[in-house]
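After this come two complexes, each holding chain A, first together with chain B and then together with chain C.
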Partner chain A sequence: MAKYNAMTQEWLDAWKQKIATSKEYKEIAKNWEGSVSIIVNPDPEKGIPEPIYVFTDYWHGDVLDFLICDKAKAESARFVMSGDYTRWKQVAKKEVDSTKALMQGKLKLKGDLTYVVRNIKTVNKVIDLLCEIETIWPDEA
Partner chain B sequence: MEEGFIENRATSVPFAGILADLLTANLTQRSEKRAVYDNMRGTVAIELVDIETAVTLVFAAGKLRIEEGIVGRPEIVIRTASDRVMDLNALRIVGGLPWYFDEAGRRVLSHLVSGRLKIKGLFTHPLLLTQLTKIMSVM
Partner chain C sequence: MGYDRDLSFVYFGPTKIVFGAGTSRDVDIEMAGLGCRKALVVTDPGVMKAGLVEGVREALGERCAGVWSDVPQDTGIGVVNSAAAFAREKGVDCVVSVGGGSVIDTGKGICILLMEGGGLENFEGIQLLTRPQTPHIVIPTTAGTGSEVTCMAVILDERKGQKMLIVEYFNAPRIAILDPKMTERLPPLLTASTGMDAMTHAVEALQSLSREPIADGLAMQAIRLLHRDLPVCTENGADLAARGQTQLAATMAGWAFGNAMVGLVHAMAHSIGAIARVPHGIANGILLPHVMAFNRDDAAEGYAMVAEALGVREKGMDEREAAEAAITAIRSFLERIGHPLRLSEVGVTDEDIAKSAALSLSDGAIVNNPRPVLDEEEVIAVYRAAF
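Right, the complex of A and B next:
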């Protein structure tokens, strides 16, 4: 299986492809409308000298833009999730549940929380598919 | 919605902020939930045992105060894990009562039976618990 460097456009393309080809996702996400940004806080010691901004967009089971972007684009998303690199890596490796990280304040969410809770299966499925990607992490390379 | 209808005194507890945000959104968007909220009186504690976090919700007819930890003698104490507490928000309300006969309801029942979810006051304060479920439900 191909490996991808974390938080690169190639990695995002692979993630998008995983989601787009998942029949289960298409069914679960048929009501989801809107974009989700991920902000990775800088951590120079882990190889993240600057914040990383990721924009992902979803519409009724379809997958739209998946982009490394700038701060303004990231903040324009319907939902914005932010956290430290280590936390995101733990989520992507399934070492930490994203809900638990939210409850602990280790990840933060901006946006309508009731919508996210109503659609938590969609969120969890997107994360599950991310976990399936063979990822090379900057602090492990 | 008027200012100050939820007073979060547990600002150092991220879970309290999430609860306050969720309730604010729910009560602002759904007038039927606001009507229930306006009649609620009582104290409910929620403890997330895996992350050693607890908050107490003190309801007083249209006002809510969120305190850090378990404060006083709550009528209801809900104990569960952080990744399961949102299952309670997914309960549907049918005919004015929580609905346990769909996937979300069966999941909550399964947590109760297995002990992964414990509710002190389940049988002694059913009205307050039903009111809480109604205002917390996002469905």
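Right, the complex of A and C next:
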């Protein structure tokens, strides 16, 4: 299986492909409306010299844009999640639960938590699918 | 006792507690200790009428820059924005909340706006803030919400007709002054229902998927104190010793659920509150034993601890039997304190149930319920059992 460098456009394309071809996702996410952006805070020691902005967009089981973007675009998303690289890596590897990480202040969320909770299966499925991608993390490369 | 071997959690509880009859008069000393000079007192018309603000205002003397007393039963963005504008005008550097949950959450909202500016609608979210907020001293006038020690606020978004959740470590109250005299004249029904809110916080913390040993310890002690002293308070509200113990219990339960979270009882109580205007404590109290019955198989260990705290776990009982004993004990406790037992008694209709069930599924509290809640029918069945 191909390996992808984390938080690159190729990696996002692979992730999007995984989601777009998942029948299970289509069913679970049939009510989801709206975009989610991920902001990774810089951590030069881990190989992240600048913040990384990722924009992902979902609509009733379909996957729309999955882009590395700029700050303004990221902040335009319906849900904006931000956090340190190490935390994101833990979420992506399912070492920590995303809602728990939010409540404990390890990640930040701008937006309506109740909507996220109502659609928690969708969120978890998206993370599950990310786990299936072989990822090269910058601090492990 | 079963905690995961790889247990990992954050416990957060930075609020200083000042306890004792008459301590609300020490608010000026506490405020000076925070290095603050001008306070806005936030309260509601009921608390004003009960004469509970006067003593606080006197104690503050010149440190009191103004009193905002227009907090409704369920506070909203508009209320907080207006109060913050008033506070800014007065140049305050500290908020003193005197009241129940709605007043305290209003105070929390004002603290954010005084530090960050703008309107509260911009602060919906989790852990967005990056610096300590305006100092907040809370003087509760009920023993129930626990909001005096949590970093959460629930504020109505009037335009969307939806409750907005704000969770911020940087905005936990600095000081809670638990003065039993402030709850002395709370009528029996309100005493019972706010007490059942606290009891529900403790029970739901013990059953939570996020339970952990610190929260469990606090929840157990909260249940013991409520079990012993809440009936004393409903019978004789003037018993300040018992009032004080239930206040401490509510605060401990606040720490417990503020960290371990609540579950299906709260999800259903929030929903029936929004649809049928059932007060929060009453909804919790009525629903608690029914949700416990629903969760029993998935929360036997936590409920066995509830049984222990209620003094009904007998020698030789296994967890399941103890859980059953806990449910029975909660039922008779409700009767003992004169708490309503059925939703139909408090104006809920059949129609309300279906609407509330749908709403419950989208309530954040459901995430930590030990038994996964899969569809509306399950929630409807619990509402019906409590009808």
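Please note the rule applied: the second predicted complex is superposed on the first by the 141 of 141 C-alpha atoms of A that agree within 3 Å, B and C clash if a C-alpha of one lies under 4 Å from a C-alpha of the other, contacts with A are read in each partner's own complex, and residues count from 1 in each chain.
Here, a contact is a pair of C-beta atoms (placed from the backbone, for glycine too) under 8 Å apart; a residue touches a chain by one contact, two chains touch by 3 or more.
Nothing here was measured: the structure is a model prediction, and the numbers come from that model.
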Touching partner for A:Arg118 - first (chain B), second (chain C), both, neither: both
Who does A:Leu64 touch here: chain B (first), chain C (second), both, or neither? neither
First (chain B), second (chain C), both or neither touched by A:Ile127: neither
By residue count, is chain A touched more by chain B or by chain C? C
Would you check which partner chain A:Gly105 touches, where first means chain B only, second means chain C only, and both and neither mean what they say? both
Please write out, lowest number first, the residues of chain A touched by both chain B and chain C across the two complexes. 99-100, 102-105, 112-115, 117-118, 120
Could you please specify the touching residues of chain B with respect to chain A in the complex? 14-15, 17-18, 21-22, 25-26, 29, 48, 50-51, 53, 81-83, 85-86, 89-90, 138-139
Along chain A, where are the residues that touch chain B in the complex? 97, 99-100, 102-105, 112-115, 117-118, 120
List the residues on chain C that touch chain A in their complex, please. 9-10, 12, 124-128, 162-165, 167, 169, 210, 261, 361-364, 366-367
Contact footprint of chain C on chain A as seen in their complex: 99-100, 102-105, 107-115, 117-118, 120
